[in-house]
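Across the two complexes that follow, chain A remains constant while its partner is chain B and subsequently chain C.
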Partner chain A sequence: MTELKTEEYYLSMGPQHPSTHGVLRLLLKLDGEVILQATPDMGYIHRGLEKIAENRLYLQIIPFTDRLDYLSSMSNNLAYVLAVEKLANIAVPPRVEYLRVIMAELNRIASHLIWLGTLALDLGAITPFLYCFREREQVLDLFEMSAGARLTYNYMRFGGVARDVSTEFIKGTADFIKKFGSKITEYEALLTNNPIFLARTKQVGIITPKQAIGYGLSGPLLRASGIKYDLRRALPYSIYEKFSFDIPTGELGDCWDRYIVRIREMRESIKIIDQALAGLPAGDFKAKVPLNLKLPAGETYVPIESPRGEFGFYIVSNGTNKPYRLKIRAPSFCNLSIISNLLKGWKVADVVAILGTFDIVLGEVDR
Partner chain B sequence: MIEEIKIGKDEILDVCLKLKESCDFLAFVTAVDYPERGLLELVYNLRSLTDNKNVILKVELPRENPEISSVAVVWPAAEWHEREIFDLFGVKFSGHPDLRRILLPEDWQGHPLLKDYVKPGVIKRPETIK
Partner chain C sequence: MIPLAIMLFKSVVVLAFLAVTTMFLVYLERKVSAHFQVRYGPMRVGWHGSLQLIADALKLLMKEDIIPKMADKWVFLTAPVLVFVSAYLAYLVIPFSPFLVVKDLNVGVLYVLGVTSLTVLAILMAGWSSNNKYALLGGLRAVAQIISYEIPLILSIIPVIMLAGSLSLSRIVEAQHTFPFILLQPLGFLLYLLSATAEVNRTPFDIPEAESELVAGYNIEYSGMRFVMFFFAEYLNMFTVCALAATLFLGGWQGPLLPAPVWFFLKTYFLVLVLMWMRWTLPRLRIDQLMDFCWKGLLPLSLVNLILSALWMVFYG
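Let's look at the complex of A and B:
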């Protein structure tokens, strides 16, 4: 009888695998079910946006930013207009600042809802997915009311927003945030203390604070590792310094901590929107800015806290109406750089949980 | 708060190891191409997460065969940023653990973010607004 042999083998996970959330391909080297080596392969939807931007007017670039992190277009718009406004020294009317904060935080809720729904779905729970989409739909309706689009909003402008919001929007938003807190409790009742969910996420994929900083992680991933760092507080942009909100942090940096940090962030977003709606002043929704905007020579980088972390545009201008160089600092790209180091030693099923709590969007990884 | 430092390419590792003590977070590394000056400028954006000290480190490299030491040993975050610069600008990072193209296919010719890059067969978009 011949002797049985075992050997290591390769498994290609993605780019069409449902739990890679887009077109990420992971080449896994496996010993049975244990990962010996994980090599991420990206670039399947690389569109060369940084190169395209060098041939477009500043205004024409706004719709392109929508297509980076397509689950939080408002944040992308905001990061871009803030960078241009800083370089061009454009003053923004107070109403605009409030509207921008309301939109950015609504978008954070919508984005976290997609993350929560798909994470639960990946781990085998179908109900949260349906619940999350039910509420996300309401947020999208609000966006449709104000921006006219449901996914790629193209809403922010230099010195303003594309159009003013209606009274229905304000009433709808107030209604939504009033009810949304209890909805989060509903999701939590399904997941937070669910033994199956705990078994899949507790003590899985632990990122130490030192690793998190070293790899340049940002957003909920950094905070789940116990580092209280939020750009809305640390380097306040727009009018975030006016609002009071907490920065939720985790203790261990495992998948469950990343889950609970995002859940708590949604509750903080409700607080911020509530304060912003209460303080929303009347007035202009747009400053006078020429369409063919010429920026003075110079460079700038304004980081903002997008739902995924530190998002920013590094703009180098040579005094013309087009950027000389536009670098996009995409949080998903930086967050993903830890993945091959992190996955070693975990099982294939844990890859799904770890990737799920990373909340990557390939649109901004590939750019 | 923002401090800008220009250094030569040979001192990069020494300077970065020293800066690491005050700036623990590497936000990004990127490059800017200046063909008329014949150089590529590398930009390192560093920050301290405790006191928000922000340092922008700039290094000029020649456009012909640009090469510099990798800082991935100082900040692991630099690993992918450097791969991206290698991919899109063609800068070689010596001492990099895994220097491969990251966004473009392995068999791609040229480095698209260089100002003089022309993809064969692609017609330049006409200028609509001057």
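Let's look at the complex of A and C:
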């Protein structure tokens, strides 16, 4: 009798797959269920936004930034206008700074809610997804009230914001953050200490602090590995130094740490919004800035802490009204660099858990 | 000739009953899940969406029947039939009431376990013949899981058989006329329910068809009516394990005041609701954790339960 032979095989996971969060394709080399090699393949929604930007006025680029990380358009807007303002030396009225912080933090909550829902969905728990969307809906309603859009807000302007907010918005936001804390507790009741959830996430996909720094990870991934690095504190932009909030960190850098860091971040965002609403001054919502803005020749890079990590715009200007070069540092893309190393030795089911806690947005990965 | 006609008539009645049951179960699942998730669920077709399932069935009937080019055609075509037949056959011995049973076999329990374990063969056939790696992975997972969980499942039933002294389902129900066996076998009931959940691939053990990993698992390449067969069988199997649990542990159709079938359905649907509750609350285990749970948790426990029950019967029974 001849001995039975087994062989390795390739499994193409994506670009059409429910758990690759868009159009990421992972080419997995498998031995049964165990991953021997994982090769991420991307570019399925590459739109060449960096090149397009070279032929647009500075103002016209703002809507394009919406389409990068489409789950946190406000952060993208903010990073871009901060970079331009820095190069053009535009002073921003105080009310604008507060509004921007409120919007960015609301957007962080909305973005983390999607992440939480899809992570639970990837692990087979369907119900938290609906709960998260219920609350995200309220945030989107607030954005609709202020920016007029529900996904691509196009809200920030150089030296200001597109529209001032109404009193209903302020009241709605205050209501929302008052109730939202108990909602987080509700999600946690379903997941945090659930034995199955713990079995699926604890000790799974561990990133050591050294690896995290070596691969240039940022955002919740880096903090989950135990490194207390948040650009809102490390390199304060806008008016973040005025607010008191904690930077949650993990201990082990496994999937569960990445989960709990983001959960705690949502609670911190509530604190920030609360303080910003209390301190919101009256005044202009826009500085006088020409529509056809010309930037002085030079270059600048401004990173901000987007929900996914260090999100930055590098602008090179040659003194005209269009950027000579616009480079986007997308956290999802940089965070993805560790994936092929990290997935080795885990099982197919762990791929979705690990990818789920990475919280990638393909619009940003491909740009 | 006449007995044959009667048998045929009975089978058709069972088939009709199964069709209605499946529809009702799917409707129930959609409504239950919706209310778990603060939604309404189907609302448009009929009163509170009650006709939704008929609309869905019609849609699925009209779908194109796709057979993948590289599939192993005959195996691919047989698998859904086999999965349905094995689900269907189990109903022939389940006693809905003292008289409402197609055929009261004297080896009823053995028969049910036998025919339902054919499901695994059908699932493997479906996964293998589709010539799709996701389907293959789903099929392999299903085989590993279902065969493993069959052991604690059977071990947890054996004490009941010992108590009743019979393999006939009707006799087991009659043996519970003073009190249901769950009072004597609480651990056995729990072990049975857990193994049975894994046996019918429901969350947290829905690993063979984990849609976020394997997209749909073994039935990924099936469409239209053939897909319906799998879907049908899945819900029928869920009903079977719950009906079996009600029969073996909860006293089947026995109960005060209400007529016998009512009691049977009440108990069965209560267990169905428990399974649905689990599905819409819990995440899913990983395949190796699932195996650990079976071989290191359920199997020793069910062995202990069996030995203790045997000892108890020898000394006090």
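Operating definition for what follows: the second predicted complex is superposed on the first by the 364 of 367 C-alpha atoms of A that agree within 3 Å, B and C clash if a C-alpha of one lies under 4 Å from a C-alpha of the other, contacts with A are read in each partner's own complex, and residues count from 1 in each chain.
Going forward, a residue touches a chain if its C-beta (ideal position, glycine included) is under 8 Å from a C-beta of that chain, and two chains touch if they have at least 3 such contacts.
Predicted, not measured: the structure shown is a model, and the values here were computed from it.
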{"item": "Touching partner for A:325 - first (chain B), second (chain C), both, neither", "value": "first"}
{"item": "Touching partner for A:127 - first (chain B), second (chain C), both, neither", "value": "second"}
{"item": "For the chain C and chain A complex, residues of the former touching the latter", "value": "33, 36-39, 133-134, 137, 203-204, 206-207, 210-215, 280-289"}
{"item": "Residues on chain B engaged by chain A in the complex (per definition of touch)", "value": "24-28, 30, 32-33, 43, 45, 49, 52, 75-77, 79-80, 88, 101-105, 112-113, 125, 129"}
{"item": "Residue numbers on chain A that touch chain B, as the complex places them", "value": "42-43, 46, 48, 50-51, 55, 57, 211, 213-216, 227, 229, 234-235, 292, 301, 303, 310, 312, 314, 316, 321, 324-325, 327, 329, 333-334, 336-338, 341, 366-367"}
{"item": "Interface residues, chain A side, partner chain C - complex", "value": "9, 11, 17-19, 33, 120-127, 130-131, 134, 190-191, 194, 196-197, 199-200, 347-352"}
